[in-house]
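Dropping a structure here in structure tokens format, bear with me for questions.
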């Protein structure tokens, strides 16, 4: 991989955009984080509800579920408002199901008691990587919500069992790169979203060849990049939460 | 009216909350404003589309329409996401129709050409007065979008014919007050939303007695308060836009 | 105001159209009234259901809710049937929410017991003022339904605490007029719907400047007209119900 | 069949309820009829639209389509409003498809030109037989609409090729009866709706054994009754339209 | 009727297509039958659920309900998928309501206990007569599901009280014919679907004149054909189920 | 990997279930294949439509899109019918988007002309791996549809540029296995769906840790298994199509 190659915004192939996580961004939610991956900005909230879905009634365990949305003008051209249209797109459903699975991988829901943690990720400005920013920010919001449940002694032990963060990788003009912005995403041949935990294991891998299929060699390069990026994101989650780096 | 009476947040009856309008809040929209009335925060964007609705085809005039939404956890307890639910509530529709009418009152749509100005007001934090903040902020966003159309010479003359801003007034514990926050709104007997233009004329008045019906005297007091509040808001819109106070 | 000015149908500015309220118009409902404001005809029914909505369960109080509809060919040109279209328009929702609020303002729902009064207002012929006719007729239908609950001793005390009626006022060709018909409504600059109770206090005021914004002076003239019109409507409600004029 | 047997409302088995058809019941539609079969009351309107559905574009022929609805409290207990519920029931769709087919059987749509005749049948009071009353009344409304098109010379020749009317028959307590009211319908073993033209031929037959299956003998008795009833209805349609009885 | 007349596929007017019923076609359902009427192929399953709909709660009886669908390319040209479209067509609803009524006519639901038998009829290839094939096949699937409930001693007595089968008849080029295929259906003047039980009595008759209305004589010919066809279908149901011919 | 370990159905970890592809399974579609992976059975059809979606108008290229469904009783317990429910689940949308992307990766849509190839995959019996069976069978159906377009000279050159097939892999009880059936899928810790082309390159990889996150080593083992499985599936596609093995 040619580390000298510069990307449209001047980054090297293995370099992430500037990441910021602003906690307590809004005041009502138990956890509320504005996460920024460069120009991509997502408000992630974690809300505690004292009930569980039908399929978990009477089982003495909790649930975590996620919803995702974009403001109509978060994007270059205005998209139709899903609430006005009367249904969520397939893309939205895919993303919110991914966010939910990713976070549940870091939770022992037995320890949550009979409650639901609702994660809401709303993109206010999109520039590529909204789903990976959402997962990364939502983890911090969820952590804050759990801390509040512990502080108020509503639960005794934290249900959080690991860290979780996500990043996109892809092949742009033949070069594997980390954390694609919108322009790169639009012209990229292969796009992969990777979710990993604090031990560097995979929680989810979703790779799509949008133009040319990719080889096993390319996949390995992409996974290497993702591993580095996610390790860095988890470090930033720790810092945002004010926890000592392990 | 007892001017000595202090309100929950220490304001006098005729005092507005701190108002802030941050222009260019997001980067894609032709106009983008974060408007804050105290803790109420709304992202208002104005998007230009080069087409008009069916009913205006071939009439050589433009259109302005508005949509409104709330992030699920903008409120004290999480509300159901309208996109997931599959339809907008009656409240949402009422509000977005109000915003659209209010702004159209300040536009000569003939001068817009065959385009549509889409206004989106998305509440990211709610503390009462979301519809009046939306109208006030949306006007500034629309103004920025029009300035851009003028600058790029897509239109020759501004279609904006007047200023428009809005405020809520109500009777709380028997006292008429200006710009209610959520706590006041929840316990108030009468709630009125007033939209006025730069000449101090009414564009819209919507008053509801939620408990006890209100007298003509009370109505006059409320309209007086609104008039003062809106004059102040229009001054702030001018300042935000960097225009000399007329 | 020039009382000599004649309106399209020959009325003076402060004159209402002929109002008729035919009770027991259909046979199944506990209350059923055909209300006519000139050519506007609305069937208003009040139906008693022995249950309350979820949010009132176990609180030993009742609820009153309203729905509104128009037959597709109640209007000059046929409108799409909302049931076929799969959703109610924003206009329909606004109107039915208004009708519900207006009637609830005249009810002490504690005295209704754990039941719901369903108001249905269905316009069979429209000529302006359908929402104000609906409120005025629905009050009489609701009164009949309550009388039946009292007669059958299902409730001991009437939950009705006041009278409620509504009328539209507007400025047509610069002249404030009472009870606009469709032609006037279509060309009017300002349109206001006013709901008042038996003491002449406001329950709801909704004024919209459709063309030119209106001044405080105009608003006062409109409210004066509305006050007269509603007083007359309440007298007619009393007569329709066969109650002595207070 | 025992002609002495009296039915709940005193009719003999082969006797229809009183039928009334009031033309010009509402003022906007090209044809508007209130049809009553005893206590069953349906407003039938026929509306002319100067366009045809997609599948007939450019084929120089017209279309006739029907929609059906019930006011929520047309029935003994209030039904959910279909517009609020967001979809029409299967029963509603079945009925409106039947009405449309029945009327199209009496039309030569080539002669209608490129227009659509929209039939709307809205039940304001239900007491059995709403679909048969709808067909019978809708024919008269359609006839009035066509007369207007002829009078205004929009069409040269009438597209109406025959008469159409409908009636229900059924077996109640073992006895075949004509024109069931709600009480009979609710307890009847077999229910059949028959649509016939002016020559006594069948346009549609829909018979359902709701309890015990019915024999060929019973079917013949039911068809005899229907034939008599429909002949009488067509006579009444002629009279309502002021046409000489053939 | 001219028995010499040959139909497009070489059948005589009173001849059915080859009928096949393959039991245990899929492995999960309690009853699963592939029914074929010539090229028409429908998968009919019967599924047992240990619950009843709301309106039967606490009444100690069961329910039987049916749903119908077509694979998008079961037909000559691809139809829109109803699940993607977001609602079932009126035609689908009519058919599934018919299937449910037809089968319930052969059931004593008291003997089913508090369970629901869900019938699903999914057309994988359509060539006319899908609804009659569905009813005929669904009866066999339902029989298998009931046999399983008896075998596992979940119920003591069979709720099945009779046989039920269905066939279409119609008038093609003036000749009454049995069991129409798609080509005949498309050009036929009258189309009738008949459902009968094992005693040769009618459960349902639905006849529609699509072109010219039909006489009483024609109706009698059609019913004769249907009676013969259904008797033959019931014999084939018995054989498919391995039961001695009564 | 312990090759001695036997799986519930007696397979070794790297062994696929019996695969069958039956072409011309139904008669109307341009391509129609019943694909079976063990007990999983899916009807895949390819339908040609002479039009393209809005976003491709006037661009002289074609489109390929896919829809997926399951018969309600394709599964162990009956699922709700999506058409009755009024919307497709998130799972269904995810799967049909995946099928569409996978097939488009093997098409040069410029060569298809202004037409759309509609792929429908309908599961009639489910036992794990329905999405991978769908992709594998749909490719063969699409190939047949293209052959027909070539034979009838509607297109001159085949738009098919490569082979595409898919398989699932997962970790069950700590052992990586190929082509999971339902029982394995239900208890598996990691589930991955892999789509590859004829050159052994990746078109799509979707891996999810449902219990424990998986290591890079495990991922490599899974990808090895998938590569073998897909190579075998492509051989079987060639044989089914009667093409010489390259």
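Chains: A, B, C, D, E and F, in written order; residue numbering restarts at 1 for each.
Please note the rule applied: a residue touches a chain if its C-beta (ideal position, glycine included) is under 8 Å from a C-beta of that chain, and two chains touch if they have at least 3 such contacts.
In this text, all values refer to a predicted model and were calculated from it rather than measured experimentally.
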| message | According to the touch definition, list the chains common to the neighbour sets of chain A and chain F. | response | none
| query | To get from chain B to chain C along touching chains, fewest steps? | reply | 1
| said: Tell me the fewest steps from chain C to chain E, where a step is a jump to a chain it touches. | reply: 2
| Tell me which of A-B, C-D or B-C has the interface of A-F again, with more than half the contact pairs shared? | B-C
| request: Tell me, please, which chain's centre (mean of its C-alpha atoms) is farthest from the centre of chain B? | output: E
| query | From the C-alpha centre of chain D to that of chain E, how far is it in Å? | reply | 28
| task | Please compute the C-alpha centroid of chain A, do the same for chain D, then give the distance between them in whole Å. | result | 60
| remark: Here the gap between chain E and chain F, centre to centre from mean Cα coordinates and rounded to Å, is 33
| task | Please compute the C-alpha centroid of chain B, do the same for chain F, then give the distance between them in whole Å. | result | 51
| query | On chain F, where are the residues touching two or more other chains? | reply | 86-87
| request: Report the residues of chain D in contact with chain C in the complex, numbered from low to high. | output: 26-29, 32, 39, 41, 43, 45, 47, 49, 67, 69, 71-78, 81-88, 92, 118, 120, 122, 124-126
| Touching chain C in the complex: which residues of chain B? | 87, 90-91, 93-94, 96-97, 101, 105, 162, 192, 196-197, 199-210, 212-216, 219, 223, 227
